[in-house]
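Take a look at the structures below.
Each of the next two complexes has subunit A plus one other chain: subunit B in the first, subunit C in the second.
Showing the complex of A and B:
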């Protein structure tokens, strides 16, 4: 709608104890954009996401969400600004049913939209419909991932962050999840995706960012990066 | 699914009917004992809200029992019966207030620190009761008669008989059980269960988890205050021992014995623990050693308590659980 970006990260530094993890990251995510964050293990992708959500404390820099400075703010407040995180370990609540996992997160969006209702979420992930009464820990890995994404959508976010959404899943399930991500993206929701499936990711995304040792070493169109195979070899080890 | 719900309802009604018949089949001693067990069961299920649903292991739950009991005793007039319509809400309010004050500080911690902080606060409450003449010091305080339910000068119910007091306590147990069941099944209940399994995730979903943990702590404290009031008038006596760490430990044992996270399990646990205690005390003077052994055996062989045993015996349709 507006030109104001959803997220604007400026010169972000993060330390874990004495190790300097992020060295001045700049990242802007506009409405409806799909950005992929690439890089080998330990390069700071997850830390970037964690600090965006207030789960890791920045030592310097600013995080602005919808124009307001949210650096170092508690994560529940950040989530209520319209950000939803699907983390790499899924974090399904094992002691709640699939239905409870979904409805407990339900919330209207910042702008008052209820677009992602239970019905719409279930129609996006029809597999979950058959499992509504099952406990969270009775699901397969793929179903858990769908539930984690569904739960995030139920908060009606403006920006959906997927951190290693297809990690450890069978190729068929992975393809299923990617097609759902495409469907979500088609609704105009902004997405930030971290994954190791570089070709699929570059195909889905508008923009690609490569992190190397806590610094951004490439930022540009995903289509461009898809052609620059020498960069894949240098930074992504493929 | 509906079959399970129907069976549960049938069992619940049968248990209530059985409990309602107790005054007709047992003598006075066992009736008093059953009254005490019913009040302790309220405590056990209120602690289960913390332990089994919110993941907060409170080693100080007896403090709220004590506050409810002492408030009930302090409010009792010396020469006439207390009016339950006034003294009970005030006693619950006192326990709720103390739970709020302790909770505000305690919920900042979790895990072992939460256990230690709740224990510390409960011991503070114990020493306040123990060392203050106003509260009767180590002698405690006597209550001279059981309460009445009065509107103005009109006595609606006189609870001085053992039977009617038993039914009153049983009624409060049933209401507490239904209230807590509704709470754990409500959206609030789902949120606290989510916090139990993964607090950080709940925060990332946008829930101010501290507020929910505090609310859970205060609700449990309020029910403990109710139980304390009922226990105080059952015994017609309050003493600092009600607030001691041994009492908190006993309550934890009831919950663990019955099976946490089920509500009904801890209620049964309260019954079993007191029943076993009575049985062993009849057998030998060294019953506490046997009691310890009993608890150890339960924890080893029934890690999920009696509720776990029931779940093992009654498994619905195992065939439903197929895999990916």
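Showing the complex of A and C:
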């Protein structure tokens, strides 16, 4: 089972109404891998992630998780296979305290491990410790982001998906988030990261994928992409 | 305009013995009725706040509770055994209604929810007629609760009404504890504010909603059961309580449990004092209170702030 990929997406198509958003995406994520998904605004990164979590319905293609076909399955079942999402707009529960936001998500991993306990999560995000009794909507953007990541970790996932985790944050907070992401990655957890901060992202990731209008236009090692600056200009607008 | 007719019913009736004890008794009655109304309305507002469902059949669960209290206590000779048997039965009916009817409505608009749950009222009423007919039934107060507390030489207060208040307080405290202090309560609140994210974190929202709906049905049925001895059990009992509960939910702010409490107390007290001080206008008072609150706060007392 160690060689079995966590996620295997084959020829995924997604429509929103009559607009065809994803045109045959293929994506495999192995255990412990760190993959980054790049592309300009509106290219389909979030849509890819949403369909992986059963939040957008594929019109064609297959999503296999740990060898089982999970296409079109309810998102709580997908989450329980060991997938955790830090969504684009963070989606902190505003009417729950910080503590409750963490505790409501707590779950043992598929293999029964409880590695990410409340203590470990709080020691990774010490800022949250001072805010435990605050309501979710009383947090700053950076704190909300840390809470969203902490909440995802509380589910003890095999794969952590971060959609724009540093967007709209001050540079200092960004660096803090990145160092936490590196620490999480060092535990061997697989990660799929979407971000606009290309140089940091390519430094963290093993593999990079570029989406352009719902199609994969580049897939390769992150190190190599870091050198191919002409691709940055063409697909990433930098 | 013609001059006001002289021989109209007086607006206020002043009793001879209108002493402090009179006000005390009306206040106790009002508070007791308020607690009972809160129990019913909390289920209605919970189901709306968490699931976004307007459940017109909520009063039917109150009706089911009342008839089960009558029927089961007539069979067993004991109201408490009737509650112990009838409550799980009502909750099971609530669960089945959610699974086979309500669960198809989550993605649909309020009009369709209102149509379906109105249809359920008709079905439940027909079932009530088939099973128990159109007679009015009374339910005996258990012996040990049948006494009265003497307040003055002429006034006394029935122990059973105090019991209703305490039972409602106990259930309300339990409900507060469930929603605010348990993991299930956290997931209910999380699901209420962001269904999609709760699901993406592994919460089975369909099961959660079924549980919330069954809980709402249980609250209504329990209220109907303990109210049965002070209120006769009659056809249409469910609609009466539904209308008052809807008024309370609107007054308090739709989806707010705190608001349901405030609204229930206002209506309970207004009803108790209105019936004795202005009996000609008693049936209007509930709506008068609602109109006054909505002029003051169109979104309800706690409207716009969930929970």
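Keep this in mind: the second predicted complex is superposed on the first by the 237 of 238 C-alpha atoms of A that agree within 3 Å, B and C clash if a C-alpha of one lies under 4 Å from a C-alpha of the other, contacts with A are read in each partner's own complex, and residues count from 1 in each chain.
Here is the rule we go by: a residue touches a chain if its C-beta (ideal position, glycine included) is under 8 Å from a C-beta of that chain, and two chains touch if they have at least 3 such contacts.
What you see is a predicted model; the values in this text were computed from it and never measured.
> Give one word, clash or fit, describing how subunit B and subunit C relate on subunit A after superposing.
clash
> Just to be sure I read the superposition right, which of the two partners does A:36 touch: subunit B = first, subunit C = second, or both, or neither?
neither
> If you stack the two complexes on chain A, which partner ends up touching A:160: first (subunit B), second (subunit C), both, or neither?
A:160 sits against neither subunit B nor subunit C.
> Where does A:193 make contact in the superposed view: on subunit B (first), on subunit C (second), on both, or on neither?
neither
> So, does A:236 touch the first partner subunit B, the second partner subunit C, both, or neither?
neither
> After the superposition on A, what does A:142 contact: first (subunit B), second (subunit C), both or neither?
So A:142 only meets subunit B here.
> Check whether A:55 is in contact with subunit B, with subunit C, with both or with neither, and answer first, second, both or neither.
A:55 sits against subunit B and subunit C alike.
> Output the subunit A positions appearing in both contact lists, the one against subunit B and the one against subunit C.
After superposing on chain A, subunit A residues 53, 55, 74-76, 79-80, 84-85, 87, 91, 93-96, 100, 103-105, 107, 151-152, 155 contact both subunit B and subunit C.
> For the complex, which residues does subunit A have touching subunit B?
Result: residues 53, 55, 74-76, 79-80, 84-85, 87, 91, 93-96, 100, 103-105, 107, 133, 138-143, 151-152, 155 of subunit A touch subunit B.
> Tell me, which parts of subunit C touch subunit A in their complex?
For this pair, the touching residues of subunit C are 183, 186-187, 189-190, 192-194, 196-206, 306-307.
> Touching residues of subunit B toward subunit A in the complex: what are they?
The touching residues are 1, 187, 190-191, 193-194, 196-198, 200-209, 261, 321, 323-324.
> Give the list of subunit A residues in touch with subunit C in this complex.
53-55, 74-76, 79-80, 84-85, 87, 91, 93-96, 100-101, 103-105, 107, 151-152, 155
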